[in-house]
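All chains are identified by letter, namely A, B, C, D, E and F, in their written order; residue positions are counted from 1 within each chain.
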């Protein structure tokens, strides 16, 4: 009898809190978005399932000696997982479109305005007494506007680990929602004739340029902004392995087994931050709201920058590709392409949009470096 | 001269103990079973070689800063390796036959009687003064009857790490011996006409059911028996990745590179517990004996449960598939199929036996959860 | 204004030292050798890039909590990475040519003279006051003559971690330079007629012999020189997985995903020792010089041993294959083949040279075991 | 009062097997319910759509990878 | 004197966006320079040689692996 | 009495090369013995059986994987 009572007291039904029930529903929602809606499934499925595991009462999974907590300590607190993912992203990324048209870097730069505007917004809400964010927290929230998952996780892990769950969920959710968030903004800020602008065919990029690019990028970071060097360095390393042509077996493993393994454990570890007591706080609401704003401002800034460039240059740029500057690779570039096709069914913008798209990855990493330099 | 003496004193010939010689012979025996007899080669080869390395005198491999000891600390003491293997098992397992015929879960439940009967046996031997096991040790020994390697290693690592070597060796050896241990018991408990029972074709299982199954399983564990959640959770996660269809690259890596890498190091780490001073103790003999009993009782319970179900239901079950309830996937299901073919050459039981077979994996994990709940 | 000053003070341009500039140039040189000259690209590209990252001023990458430093602590200080690489080498190595012609082991033994002669040289330079090496450091430097990267890294990590960068760079660079270093020595020590010696076709080696070889090797090490057991043990384990035929999925993963992942992080971790303050010391120059000498002496010893064997035996050996005894698999064997073809265009020595080539791997590991036994 | 080891064992056995059966019975019920609900909602056609799109996405990824 | 949070935010925004633009401008300049230099030196033919040899090496490795 | 560094080096060299040669000689002997024993026992046919069954098992695994 006493034993049955012990089982009952050990059961989830007895121990579960309302917050945990709510989080289980939220995590099932993330799984729904990932599986049925196919929104960033690699991360939403793993984060969502990690979140489920983290809200099971009465067992150490996301705490203490639990596997998810150990994974978090080993992989996220050290920064290792996001950096390895960045190496994988480098190995998967073709910087050719950027090399063919370096000007598009400015679009990737402009879109980072979303990051800093959101930082300002977070501090503004605090000043107004609506929220209560420190500067570090505001910076970590702002980076959602970078539309780059590993960068957001890396920065949040360094500056505001207690907000990491909400920040990662916001970052990946909004990256998935890019096809819904961006088009209205893009159409609002451009005229029909601007959206019809055709761009000249991209030139071919030589193998030598491809090999020298990651080295150039790294050296520039080393000289100008060393705090961005871990992120940019791993990106450049992955890309050098991809392009140099002599270590293809390492590049293949980085693009497949390694990035997949790290993605699984990164997702579970991020999920460990979706426990009810860490996620169900008022700041989460603020983070989700500010994250959305960040995406919108980033999109707008990219488009406006493209329009400004058209004012200053004779070689016109279709302003739609400016929206791809937020990164969210390759979704944002596809969105730019799709909106462009609506205006002109013969205008394929995809490769042109890949330039600002990958530039956005670099831009966010630089913005992350700025944040880390001033905050630590 | 003095240096040559130093070499002689540093040599294995000078330092080796009788126990180490015995263990080297035993480990060569495990390798023989794995390589020539093809008994569970993935584990017996790695455990056997790890055992060889652990009995080399005068060098830290399975102790101190040695690689095998570090691997043990990192992978087994934390529970990480068996849990990751369970994720891999989930990604490799098709729960379709179980979904098509949920009743077979009862067979998987019944076969767990081997676990608890063995626990009782171990305590009985202690009461009689033949052996000297604590309740925790008895529980860890009983789990051998679960016929599931990672579950046995996980439970032993939590409850009785000093017995882990013997328990793992017993578990994998008897899983390999299933084709020898089970048939006589199956034939003893069934009549020729029972063995000839044909079962109705399994219905098709929809993709939606397959996706919902791991989630249902996890939620039920969360509500009823949270201490089983780490094992069941990782199993369900692996299976969700397999079935959801949107993260195939993660599922493929889990089924291949990841589970292979972890298997190698799990085997070596378990082998580090085969050092003479840890393995050559009287309790090992008791463990091997009790493990054998556990398998036999589990097999019998599964068969008898099937016969009981036939008494209560009009839709008959071939009692041979009850033996598959011990798990030992997929060997036990193949044995049931083979014994069935002997009685009726047109009766293919394989898919029917896969139901109780995978149910046995879930059943053992639940039994493990019960043990851990009461012992820690 | 103050913030801009802060950015300037945080920039690399402000903080960089002359030594760091020099090291960046050196690392770009390593990348050039790896990418353009294709010298051991798997290691020179990863080490070179790791070295670049380590010389970025003002950010923790190769120090403190930086990823490369953590990787070094986890993978090299523990010895795990070189041991796992050795396992991979075992899984990639075909010991058939050695089994077909065991005599070639003597060539692999003789070539290790380079190791000990260099040790002596390092101590001699210290006695002369030119350099200042301890016995441990001299031993770690000598192992460069083993022409085996993981062995050199393993020994240096154990005996002289502060010299690891220079030793690893020397080892891999000279392994890559084998086609330039060896031929003149080989031609100097052999006559035209010796280089024309044809060798009898190798016999077929049975599967059983291939399976028993790694076990024989391990048992012999266990009995004679346990301090070599970690290295030889992992080599034997990898080779057993390769040859036993029942764990092909583990062997495949070891040969691909696992060794590739570890190579990437090993290279980065070694690169973390190329920071200016650790690499730009006078001892580095001595190490580079002595390493070159070690290679030359090892080559010469192998060739001379082959000539000695021809004096004592009626079944002649082409002395060119003696040079392959330094290991540097498979480059040294290819060089022996190429020089042989120059003398006799119909004489294919490649498979004959693979025997001493893989024997050299075993020989260096044994020499490493001797060093570690006396030094620790 | 201390229980004898054997008594503890018997209790554990009863409670343990009981828990296993209760859990697996609950799972049978849950699975049967799920099957009924799923078959009533027939969302499978939608799911098939997914896999088609997935295949296209994988194909695109492979092409992108090949023509680097 | 402590800055208000909002002031800090504005400063960070200006300095941050400034840094991003300075850096990416420098990168545009560096890339353009690089492109000019590379096109002047035309070392691409040499690079193509590399990949040929690589392919041969991979092929050899595969063959060696197969005929174990 | 402390040995000079050079003396230590000479001793290490002699002992080290001696050990390497002793070990590799023992290995030559062991391998030759092994070859003789193996050829006398001719167990290779049995081994070939193994690989056949293995291939079947792998084939089955692949099929199982494909028809998930």
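Here is the rule we use: contacts are C-beta pairs under 8 Å (C-beta built on N, C-alpha and C of every residue); 3 or more make two chains touch, one makes a residue touch a chain.
Given the structure is predicted, the values throughout are model-derived calculations rather than measurements.
Each step here moves to a touching chain, and the least such steps from subunit D to subunit E number 2. Counting steps between touching chains, the shortest path from subunit B to subunit C takes 1. Should one ask which of A-D and B-D has more C-beta pairs in contact, the pair is B-D.
Ranking all chains by how far their C-alpha centres lie from the centre of subunit F, first place goes to A. Chain centres here are C-alpha means, and the one lying farthest from subunit B is E. Subunit A and subunit B have Cα centroids lying 41 Å from one another.
Distance between subunit E and subunit F, defined via averaged C-alpha coordinates, is recorded as 45 Å. Taking the mean of the C-alpha atoms as each chain's centre, subunit B and subunit E sit 49 Å apart. Between subunit C and subunit F, the centres computed from C-alpha atoms are 20 Å apart. Within subunit E, residues 15, 19, 50, 54 each touch two or more of the remaining chains.
Residues of subunit A in contact with at least two other chains: 3, 7, 38, 211, 221, 224-225, 245-246, 256-257, 374. Contact between chains, per the stated criterion, is found for A-B, A-C, A-D, A-E, B-C, B-D, B-F, C-E, C-F. Interface residues of subunit F, counted against subunit B in their complex, comprise 11, 15, 19, 46, 50, 53-54, 64-65, 68.
Residue ranges on subunit C touching subunit B, taken from their complex, read 78-80, 83, 211, 215, 218-219, 221-227, 229-230, 233-234, 236-237, 240-241, 244-247, 249-250, 252-254, 256-258, 373-374.
On the subunit C side of its complex with subunit A, the touching residues are 3, 6-7, 10-13, 15-16, 24, 28, 31, 34-35, 38, 41-42, 45-46, 49, 52-53, 55-59, 61, 65-67, 70, 256-257, 260-261, 263-264, 268.
Those residues of subunit A that touch subunit E in the shared complex are 99, 102-103, 105-106, 108-109, 112-113, 115-117, 119-120, 122-124, 126-127, 135, 138-139, 206-209, 211-213, 216-217, 220-221, 224-225, 245-246, 248, 359, 362-363, 366-367, 370-371, 374. Subunit E makes touch with subunit A in their complex at residues 4-6, 8-10, 12-13, 15-17, 19-28, 30-32, 34-35, 38-39, 41, 43-44, 47-48, 50-51, 54, 58.
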